[in-house]
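What follows is a group of structures, each given as structure tokens.
Same chain, two partners: chain A is paired with chain B first, then with chain C.
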Partner chain A sequence: MLKIIIPTIMLMPLTWLSKKNMIWINTTTYSLLISLISLSLLNQPSNNSLNFSLMFFSDPLSAPLLVLTTWLLPLMLMASQHHLSKEPLIRKKLYITMLTMLQTFLIMTFTATELISFYILFEATLVPTLIIITRWGNQTERLNAGLYFLFYTLMGSLPLLIALISIQNLTGSLNFLLIQYWNQALPDSWSNIFLWLACMMAFMVKMPLYGLHLWLPKAHVEAPIAGSMVLAAILLKLGGYGMLRITTMLNPQTSFMAYPFLMLSLWGMIMTSSICLRQTDLKSLIAYSSVSHMALVIVAVLIQTPWSYMGATALMIAHGLTSSMLFCLANSNYERTHSRTMILARGLQTLLPLMAAWWLLASLTNLALPPSINLIGELFVVMSSFSWSNITIILMGANITITALYSLYMLITTQRGKYTHHINSIKPSFTRENALMALHMTPLLLLSLNPKIILGFTY
Partner chain B sequence: MVKKSSMAAAGKEPGRAPGTQAAIAAASCCAKRGTRHTSSPGNQLSRTSAQSRGVPSPTPPRARRTDVTPGSPMAAGGGHGRGSWGSHGETAAYGAEGRGLEAPLANGRARLNNSRRGAVTAEGTVCGIECCPRRGGPQRAMLRRALRLGLGRGLLGRGLGTWRGDSTLDWDGKVSDIKKKIQSVLPGGAWNPLYDTSHLPPEHSDVVIVGGGVLGLSVAYWLKRLEKRRGAIQVLVVERDYTEYLAVVDDPPLDLQFNPSGYLLLASEKGAAIMENNVKVQRQEGAKVCLMSPEQLRNKFPWINTEGVALASYGLEDEGWFDPWCLLQGLRRKVQSMGVLFCHGEVTRFISSSNRMETASGEEVTLKRIHEVHVKMDRSLEYQPVECAIVINAAGAWSGQIAELAGIGKGPPGTLQGTKLPVEPRKRYVYLWHCPQGPGLETPFVIDSSGAYFRREGLGNNYLGSCSPTEEEEPDPGNLEVDHGFFQDKVWPHLAQRVPAFETLKVRSAWAGYYDYNTFDQNGVVGPHPLVVNMYFATGFSGHGLQQAPAVGRAVAEMVLEGSFQTIDLNPFLFSRFYLGEKVQEHNII
Partner chain C sequence: FQLFIGWEGVGIMSFLLIGWWYGRTDANTAALQAILYNRIGDIGFIMAMAWFLFNTNTWDLQQIFMLDPNLTNLPLLGLLLAATGKSAQFGLHPWLPSAMEGPTPVSALLHSSTMVVAGVFLLIRFHPLMENNKTIQSLTLCLGAITTLFTAICALTQNDIKKIIAFSTSSQLGLMIVTIGINQPYLAFLHICTHAFFKAMLFMCSGSIIHSLNDEQDIRKMGGLFNAMPFTTTSLIIGSLALTGIPFLTGFYSKDLIIETANTSYTNAWALLMTLIATSLTAVYSTRIIFFALLGQPRFLPLTSINENNPCLINSIKRLLIGSIFAGFFISN
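For the complex of A and B:
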């Protein structure tokens, strides 16, 4: 694992020692190389996990998320070039350093073998993210958004620390690899119910569960582009990853504790999709769509069948790439029109036809058009929830319909119609932006050829 | 800490401090209005007097009244004095005094408090500061008494009782202070970990409207009205002169003081054909207007001298005048309730990027796009860059300057880039006179063929009117002094000639204001600028702004949102007519 972590850490000296005009190109190419190295992790030859050391391991669940993390850093660097073009050099370097730090923490979080080290790194990712949001966000509201982000996640995860300590006392180990073989059921008591809640709540806030999601639209809307990308693509997935890992040792409480949260997720996913339908702010629409998609993942994890696990992991990867791409597209609009309001920037199709093609592709993957991996994920989740309870098909079906509606609504308001006078002379789309979209789209399309590498440990 | 406790001790809740500040600000604002001229709605001259409505304080917006002493005859040309100046001065002095009074008092209390505390701690007791001027009102006093009874005697020793009672007062103040602090720190509160920027405009706004006059507000209103969902578009109105502090909460529904009365336009032999044409257009659009011969005119209005009048047109329905100040205030309140932000400041700079393009004919043009507007705060060097998508230039008489800031007209003359926005401030006077023998209740709004106009003002035989000066004798727009000689030489002869009763009249008062005068064709500029792509105009109405504001606001909002005029086709009023030289001229109007 050090072959990824050490190069990532070495990105920092590279940033600080690079010349002014080389800073973006150096870091981007280097991080792209790192992500190429990490691709080898996708090859999981045996049923066992790849144990690199006592500290780090990877298995079919963490490998796709890890690759997604490393893949996203070059994309984030490409996306934020324009946003930072007016900043002094030292602040650009600081920004890249923050992104690199975040990437390092994320890699270690996804590969940690110990639950406590997982917890520490999980919390550590808050720091660079908070700095990125509050320092490089767009408006004054970013401070408020930062506060919401920090306190929601901190409050959610503090009980987890206590729960972990008590589990350590109970079992004598917090090692993921060992816990899998610890089949002793937790006794049926009130304290174990609280243990379950403490363990799950941290990740449910992070996902986020409907009702605990208020931090997310704020943080997404106010964060700079790289912040939005990393939040949507990876930080939310930390919650899903954590839930998938920790539910293995919370038997049999999950089977009955899951009901209220399942209900809340099923209900919340329809609510948030409906909220999307009446958003005027492009970024906040995409943020709410993330909440709705993540609700599917929560449902899948709580149902606890092999198929639902497959659906959860596939959906996480698919959503990571799709929502990150949508944020990039929204940002490219914002950089041209200086407004996130959708009705002020319409009819862009005639002005930026290639960008319109990217918009179309991104919207279609977002609404889970057939060959995409989004569909594979959703299909697994819908099927497993149907076999869990027949009624859920109504909610799932409604959600899929509303998702299609708001994706098309977003596409049509931004791209179709007659353009107004003030967007008449916007800059053409840059090669950088087209490359960025292509780098999002390629993995989505390639994965639909061979989705089994992202189906997780139950495949 | 000392200051805080002194505040609490004085029985002044911290919450009240901003109130007094606002009052001071309002007072100084009043004072300022006398000296500063600002971007203004087009037709401020037709405003009825504030006094006739019995509104006590606010003097007419941005128009200084110069009162002529009632005793002096009409010819008091030199007598135009500083009557209104005096009153403004007083307000200012009051404001300043008020503040001055406050400061030493507070300081004094702080000192007092401090010394007492020092003394007391020297004695070794923990508390006991008796320094409370009873100003908090009866409830507070009752609360104190209750506390004194409840806590002072019951919990602690009797010996300390008297001291204790007062200490709870202090404690009480502190607790509420702390409570307020906690409340403001909680999420959603007003407290900010960094320095306070609540006085600054937001860092980002979708639409920035320069000028908070009736046109700017009308554009804001229609933008909010036509947006599909509440809160879809952020709108910021930047206004230099800001009299919003005087607005009253919870006042009764808007009364525009509408006074129905027809417009009576008189045309000479020369203008008769134009008038006939105008009336035809008006009738086509559904207006009830009748044409009158001099004979008919004499029968209907016997007080008019029809000499030199060939034709008259008289509006029969839905015409009259109203109070623009009421409209402006009403609009401002409405727009505020719709979520438009206001900011008291001045636009000093536009940050824009330019883009070279080639037209189909191979001509090179530079398209500009405004990214940021620098808003300088009022009477401060502080400024805030506001990132925006659209700028709407509704700065009235000063919109020419705003356009120049955006780089409009800075190019070789004769090209589109070199075409300036031909809007400049022009000073116009309005006089109010008294004439006991003058025409009565049925007096219409009379517009003479000479350009002089008058109308009835109230029911006490008061009249209000004026006339536009010719190009050669344009007054200096640098100040708002009223020229009484102008009435004597230019207005009065025409009036007296038309209405013989006006031979003997007495000018009561007069004021001056600015027109956003379009030197090109005296007509409004609506819609986008062809080169600065995200600047839209709603200006240059040369005196008709108020009449046309509702429609123009809607037109500009439609242009912004839909890309074209929807309800009324205002394409002849686009900026490009200045380059193409197509005048939209109207004759025989007021």
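For the complex of A and C:
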């Protein structure tokens, strides 16, 4: 694991010592190399986790998320090149440093063994993200967005700290590997109910759950492109990852404690999808679609069946790649028209056909077209929720329909129809942008050939 | 699972092809409408998949048929919903006429012969399960009967040639569903094959007419093409005759067999009556097309470049023509 963490930390001196015309090249190349190293972790020979040290390990759940994280850093760097091109050199280096710090914390979070270290790093990821959103965001609302983001997440996670400390006192160790063996059923008492709530609320806010999701559209919309990408792709998955880890300790109360959250998720899924149909702001649409997909993950984790865990992990990876790609596409629109309103940039298929192809692929995977991994994730979740209760299929079915509708609505509004007359002076697509989209899409398409890798530890 | 991949795939292809002329707003909304109705049907499909997974532990058709589960109401309802969405049956039918915004070859391929029969094909595939479930059979029968009568009546009042043919497709699909409802899946399959020939040909002929009249699709503005486009006229008449089931053309072998079976089987009298009325209406609207488009005096603008010279078009219509006449004979013997 140090093979990945130390090079990522070393990316920071790399940016500060590079020459002016080499910073992007250096950082992108080296981060790509680091992601190739992390691919080797996907080779999981046994059912148990790969244990590397006292502090870090990797198992079939965290390995795909780790690969996604490391894969995303070069993509983020590529995407940020344009909007940082006018900044002075020091600020560019500062930006890259922030991204690298975030990356380091994320890698350590996904591979942490001790739950307390997981918590510390979980909180630590908030700081670079906050700096990225508030310093390099584009509108004045970014300060408000940063505030919402920070305080929502902090409020949710402070109870988690207390809960973890109390569990440490009770069982003597929070090492995740050991907990698997020491696990006892929690007796049913009021304090244990609060323990359950304390553990889960942090991740519910992060996911986000429908009632606590207000920070997400603000943060996504105001963040610069790399911030949006990393938020959508990885930080939301931190919540899912945490939930998947913690629920092993929390039985049997989950069976009745989960009901209100399940109802909120199921209903919230449909509500946020419906909001997407009426959005005028492109990034806001993608942000709400993220909430909708994550609600599916919450439902899957709370049902706690092997199939649903498989669906949750597959959906997390698939959604990470798809949302990130959609944000890159929205950003390419933004860089040209400097506005996020959808109808200002329509009829793009006539002008930028290759970009239209990427838009098409991204929308198709967003609506979970077979045989993409998006579908596999959603299908598994729908199957397991059907087994939990037959009636949920109606809600899930409604969600699938509305998802298809807004994805294609987004596609049609931006690509088709007659183009506006003020748009014929936009720059054509850069190779960098096309490469970015291709690098997003290729793992997505390749994974549909062999989804076993991302199906998590219940395969 | 593989069925589902293909199922969704044709849905998306339909979206892309209907919206082929993407500069046109109507085409885009029609494409979106197609996807909406298809997706509603897909919920039914997914529900059926979920039920099969948890009650028969498999998605494999052979295993499901061997296990022969009882109480198959729920999954068969799901499959029926899927077929309704995909094959434009009564509740989920509006997308098919709107889908005529696409180019004519698209309509010929997707929306007459191959894609829309996917729904019927699904029901045929699951017929061993449907044999045992009387409720579902009655439901299919009534659904098919309502569809075929309703769309036949709609076809009578349309003025756009492609929409008439679209409604006629919908009506024939209803007929196929009726056939499944009376427990004759093999006949339904035969009708799929034969119907493909003459419906595709009808679409191609209408495409030829539309193209020569410079994108004029309203039959009230056509007329007198009998002399101007002899080949297209011939194929149109033969196609319409085959559609109505005139003896010894293709349609006869499947359509007449269906009607005979329906008459002699112990089935819902109301559904039977509706089907018979719809079949007679088929003759009515086919004659209407022939009358308005081909006979009488020309009602289009005088300076047109009517020609049938394009070999691609003519060859395809020729082959479909031969198929329409002989295919029924060859398939049944």
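We take it that the second predicted complex is superposed on the first by the 459 of 459 C-alpha atoms of A that agree within 3 Å, B and C clash if a C-alpha of one lies under 4 Å from a C-alpha of the other, contacts with A are read in each partner's own complex, and residues count from 1 in each chain.
Keep this in mind: contacts are C-beta pairs under 8 Å (C-beta built on N, C-alpha and C of every residue); 3 or more make two chains touch, one makes a residue touch a chain.
No experiment lies behind these values; they were computed from the predicted model shown.
If you put the two complexes together on chain A, you find that chain B and chain C both fit without a clash.
Within the superposed three-chain model, A:Leu143 lies in touch with chain B and out of touch with chain C [touch as defined at top]. In the superposition on chain A, A:Gly211 makes contact with neither chain B nor chain C.
By the touch criterion stated above, A:Pro7 is placed in contact with neither chain B nor chain C.
In the superposition on chain A, A:Pro159 makes contact with neither chain B nor chain C.
With both structures placed on the common chain, the touch criterion links A:Leu408 to chain C but leaves chain B unconnected. Of the two partner chains, chain C is the only one that A:Val382 touches; chain B does not reach it.
Here the smallest spacing between CA atoms of chain B and those of chain C, following superposition, is 11 Å. Overlap of the chain B and chain C interfaces on chain A comprises residues 347, 418.
Within the complex formed with chain C, the chain A residues making contact are 347, 349-350, 360, 364, 369-371, 375, 379, 382-383, 386-387, 390, 393-394, 396-398, 400-401, 404-405, 408-409, 412, 415-418.
Listed in rising order, the residues of chain A touching chain B in the complex are 138-140, 143-144, 147-148, 151, 278, 280, 337-339, 341-345, 347, 418-427.
Per the touch definition, chain C reaches chain A in the complex via residues 1, 4-5, 7-9, 12, 15-16, 19, 22-23, 25, 28, 31-32, 35-36, 39-40, 42-44, 46-47, 49-51, 53-54, 74.
Across the complex, chain A is touched by residues 187, 192-194, 197, 202-204, 206-207, 227-229, 231-234, 355, 357, 367, 369, 371, 387-390, 527-528, 533-534, 536, 559-564 of chain B.
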